[in-house]
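A, B, C and D are the chain letters, set down in written order, and residue numbers restart from 1 in every chain.
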Amino acid sequence: MAQLMELDQAVSELIHAGDTVAMEGFTHLIPHAAAQETIRQGIGDLVLARLTPDLLSDQMIGAGCVAKLIFSWGGNPGVGSLHRFRDAIENGWPRPMEIEEHSHAGLTNRYVAGASSLPFAILRGYAGTSLLGKTANIKSVECPFTGEQLAAVPALNPDVAVVHAQQADSAGNVHIWGITGVQKEAILSSRRSLVTVEEIVDHIDLRPGGIVIPSWVVTAFVHAPGGAHPSYAAGYSERDNQYYSDWEAISRSREGFKQWLDEVIYKGERR
Amino acid sequence: MAQLMELDQAVSELIHAGDTVAMEGFTHLIPHAAAQETIRQGIGDLVLARLTPDLLSDQMIGAGCVAKLIFSWGGNPGVGSLHRFRDAIENGWPRPMEIEEHSHAGLTNRYVAGASSLPFAILRGYAGTSLLGKTANIKSVECPFTGEQLAAVPALNPDVAVVHAQQADSAGNVHIWGITGVQKEAILSSRRSLVTVEEIVDHIDLRPGGIVIPSWVVTAFVHAPGGAHPSYAAGYSERDNQYYSDWEAISRSREGFKQWLDEVIYKGERR
Amino acid sequence: MARRGDLQGRAAMTEETNEDQSSYSRQEMMVVAASRALVDGQVCFVGIGAPSTAANLARRTHAPNLVLVYESGCIGAKPTRLPLSIGDGELAETADSVVSVPEIFNYWLQAGRIDVGFLGAAQIDRFANLNTTVIGPYEHPKVRLPGAGGAPEIAASCKEVLVMIKMNKTTFVDPLDFRTSIGFGDGAGSREALGLRGRGPTMVITDLGLLRPDPVSCELVLTDLHPGVSLEEVREMAGWRLRISETLSRTVAPTEAELTALRALESAGSVKK
Amino acid sequence: MARRGDLQGRAAMTEETNEDQSSYSRQEMMVVAASRALVDGQVCFVGIGAPSTAANLARRTHAPNLVLVYESGCIGAKPTRLPLSIGDGELAETADSVVSVPEIFNYWLQAGRIDVGFLGAAQIDRFANLNTTVIGPYEHPKVRLPGAGGAPEIAASCKEVLVMIKMNKTTFVDPLDFRTSIGFGDGAGSREALGLRGRGPTMVITDLGLLRPDPVSCELVLTDLHPGVSLEEVREMAGWRLRISETLSRTVAPTEAELTALRALESAGSVKK
């Protein structure tokens, strides 16, 4: 059964240096508060898995938490480059960062295999691309019925999944609606899971399009209203587009980023 | 885009002798009206795919429509045997019937592969069972990463899927809620699809737990209130438990069944 | 002299519990015994019939936090009456989550998230392998049974499996006519060789007594006799020379509370079980 | 004498349409041309930026029944303003169905249900292969770009692909620094050899003109010049000796209605594109 915790306790109990951490939220419900708490606690050497490394990943990478990034698209959506991500890959700053690169379909299916306790998943993917030679985690497999060659990716089974959701009930059953992305698979593929929520409710009143993740596959849940900011939580908040725009200037230089890190993460209030 | 049709027209246009027909509905929303219309029109030599052959299949088998049955569990739920199914397998009456037998997990994954346009699916299944030798459609495949052996089943891509749903809007977008079973996969794996619905509504008001299947993957939709009877349609009807009980006596003898067929299907009103 | 010890123990025990036996049926004893095998908080994969009754009885007695999962996709169902089919509307209405059939098999059962799976069968052998497919040869069966349903993967992937089966000469057979789902295969090491993740059947619950696998050989051993059942009766029913535990116990008869809860559940239930 | 014919045609056409060119930008011409390439009723897989603008413009002009599918899982989205990200709340709110990311890729994209996929890129080569991954060597890139996202499978599985890319010396290169998604590979027969189901790119829409694959060799051929663009300008921009169609056409300038709809869409849209 899921345990109700404070954010700092949940992060320190569930996320350990060296862990493989899936932080998911596909353009919606991005678990920024938990990621920033991870930076604040200086938890390093992480293997960060995320389909769409965006500001969350840029902040963790710039802060030096990430030893390896498993991803499929890294950018500032609607704005442009991800400067800390680029600086790490182009210049090894603030530390060398290994990458394992996929397509969305490929990385998604790594989670699906993980959630299904299968060692691998098959897909029609990667054919004719240069991605094929860049990781040992894309192979091929032959259909035993037709002889066709398909792409194969291994299961991803992170140590811990971190997601943000709209609601949990007091037992820790989690309620997500709107764009649900790959969060269910992230939780089900991981050994532990940390869910921050906008609101803790007495009783889940299932919304149209809503899914419930039962308490007994969740390790810890945390009341963290606004925990997806600057992304949004449908029904609770709007995307803070200005923050995404502003991030361009903040993150462009190492100095600007370090100042943000110092002011916002280490000394200040999360924004 | 889906076309609105009458039931007799939809069955005659979409289901042809010799077709592979998936009729799905997992204990809920079983497409009885469409199946009985198929009997009425005498469409034969069908390969019938259905996870849970129950009364629907018993009626079609007894009427001689089924040349081959692809299935995983054949019984009268809560009552007992399926006599027409047994008579066909045990005695070849009214015609010899080939069977291809799976577990639920295996047959479900045949649909999943079909819906995904993959030639096969993998699962942890069938290990140590006698099912393995009984069909060429269960093989094994080796994980290219771990060397583990997994079961493999080929995609199922029926000629036509037949399902019952609660609602469609006037454009033919289909709305299903409650136990949704494997209906989405049945539709998406099939070349054509026929959906009977309880009600045609102006606008789909998505229910909690509801899914919408877009009109552009549906071939024909039919207004057939009560079309799941004797099974039920959550929000519209209750399961007719008496019918299931009564079927035991009706179906036990060939004579009893033939009388039912004559009275109810060929001469009478559908019940 | 294991056998003698067993016989002596049995005689003594029979006298102690004889007085209760007219107040409940052997079927009820079986369901109550199955219900007791469930531990509060466990996640239980339930079929229809006696297993569903047992699980729902447990939820109403000692295991209120039992999580019931049905293969129709209902996770955390809390039915107020016994469902007639695994797709009963009430299961969906009372569930924490209703998922698709592919999801329930791939993400929940196969993934090893289920603590206890319940299986019934038409035949069982000495290694607790089960047959629900055919009596007689597969191609020309004497009796065609429903088939596998969810059983092969329940047997493979649940952390443990409980089997419920009435014990008689047609059910306890060796060899099986067909192996629909695996218990311990050909004995020790079979499950491991097949790469199965779950531990397999930990108890076979019958109307006459309980059997458990030998920790070394994995062969079923009679460990408990239900009140009023003689060891001879059980021995006669098994199609092989049944092993008897050196520490054979006598099942505690159903309590008043258990019987009351069970009968309330069944009378609120369905037209037919 | 294909080239001469083209030059003559071009000269004539340039004069005809010159008068309009101050009233719209080349970016607008590109978006309008892309929008025109969509046929009413098609199912279109849309990313963010210019492709999303083009698809939404088409929905507001000649293709009201265009079905927009976003990789965030939104099927049949009908946004009233331009989404800022593929996960914009409005996409989910206006969609016919919102499905999980695994489902959108496995059941919808991979299954070949999408008529038209839109792709952008940092680099394109003569066979319409695309790079969105790195400039420079992969291990030590000069510029690290976002990477693949949905592109490899959009390129593989959509029935056809439309590419939108501004044409200049850094974008039209051969060879690519990295092949993120496939167009026609190494030319005729490449897609078939890889077992790809979709037809591949049927048009490359730029700010200067339109290119289409040669039906035999699959090499890109300039088939249309936008108003006011000279053939020399286009030739200079390509990093290879660009093939020019013998029947080179001049794109029709954006109509008043198209420009009005496009500008309304953009002004109702986002802080940033």
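In the analysis below, contacts are C-beta pairs under 8 Å (C-beta built on N, C-alpha and C of every residue); 3 or more make two chains touch, one makes a residue touch a chain.
The shown structure was predicted, so the numbers you read here are calculated from the model rather than taken from an experiment.
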Message = What are the mutual neighbours of chain B and chain D in this structure?
response = A
Inquiry  = Averaging over Cα atoms per chain, report the distance between chain C and chain D in Å.
reply    = 61
Key: Distance from chain C to chain A - Cα centre to Cα centre, in angstrom   = 42
Ask   = Whole-Å distance, chain A centre to chain D centre, using C-alpha means?
value = 30
Inquiry  = By the touch rule stated above, which residues of chain C touch at least two different other chains?
reply    = 106, 110, 157, 197
Key: Contacts with two or more other chains, residues of chain B listed in rising order   = 117-118, 123-124, 148, 184-185, 209
Task = Determine which chains touch and list them pairwise.
result = A-B, A-C, A-D, B-C, B-D
Query = Where on chain B does chain C make contact in their complex?
reply = 26-28, 51-52, 71-75, 77-79, 81-82, 85-86, 89-90, 101-106, 108-109, 111-112, 123-131, 134, 148-149, 178-182, 184-185, 209, 232, 234, 238-239, 241-242, 244-245
Request  = Report the residues of chain C in contact with chain B in the complex, numbered from low to high.
outcome  = 48-49, 71-74, 84-89, 91-93, 98, 100-102, 105-106, 109-110, 129, 133, 138, 140-144, 146-153, 156-157, 178-182, 185, 190-191, 194-197, 270-273
Ask   = For the complex, which residues does chain B have touching chain D?
value = 1, 115-118, 173, 184-185, 188, 204, 211-214, 216-217
Ask   = Mind pulling up the chain A residues that touch chain B in the complex?
value = 117-120, 122-124, 137, 139-146, 148, 150, 152, 154, 205-210
Chain D to chain B touching residues, read off their complex = 41, 43, 67, 75-76, 96-97, 106-107, 110-113, 157, 197
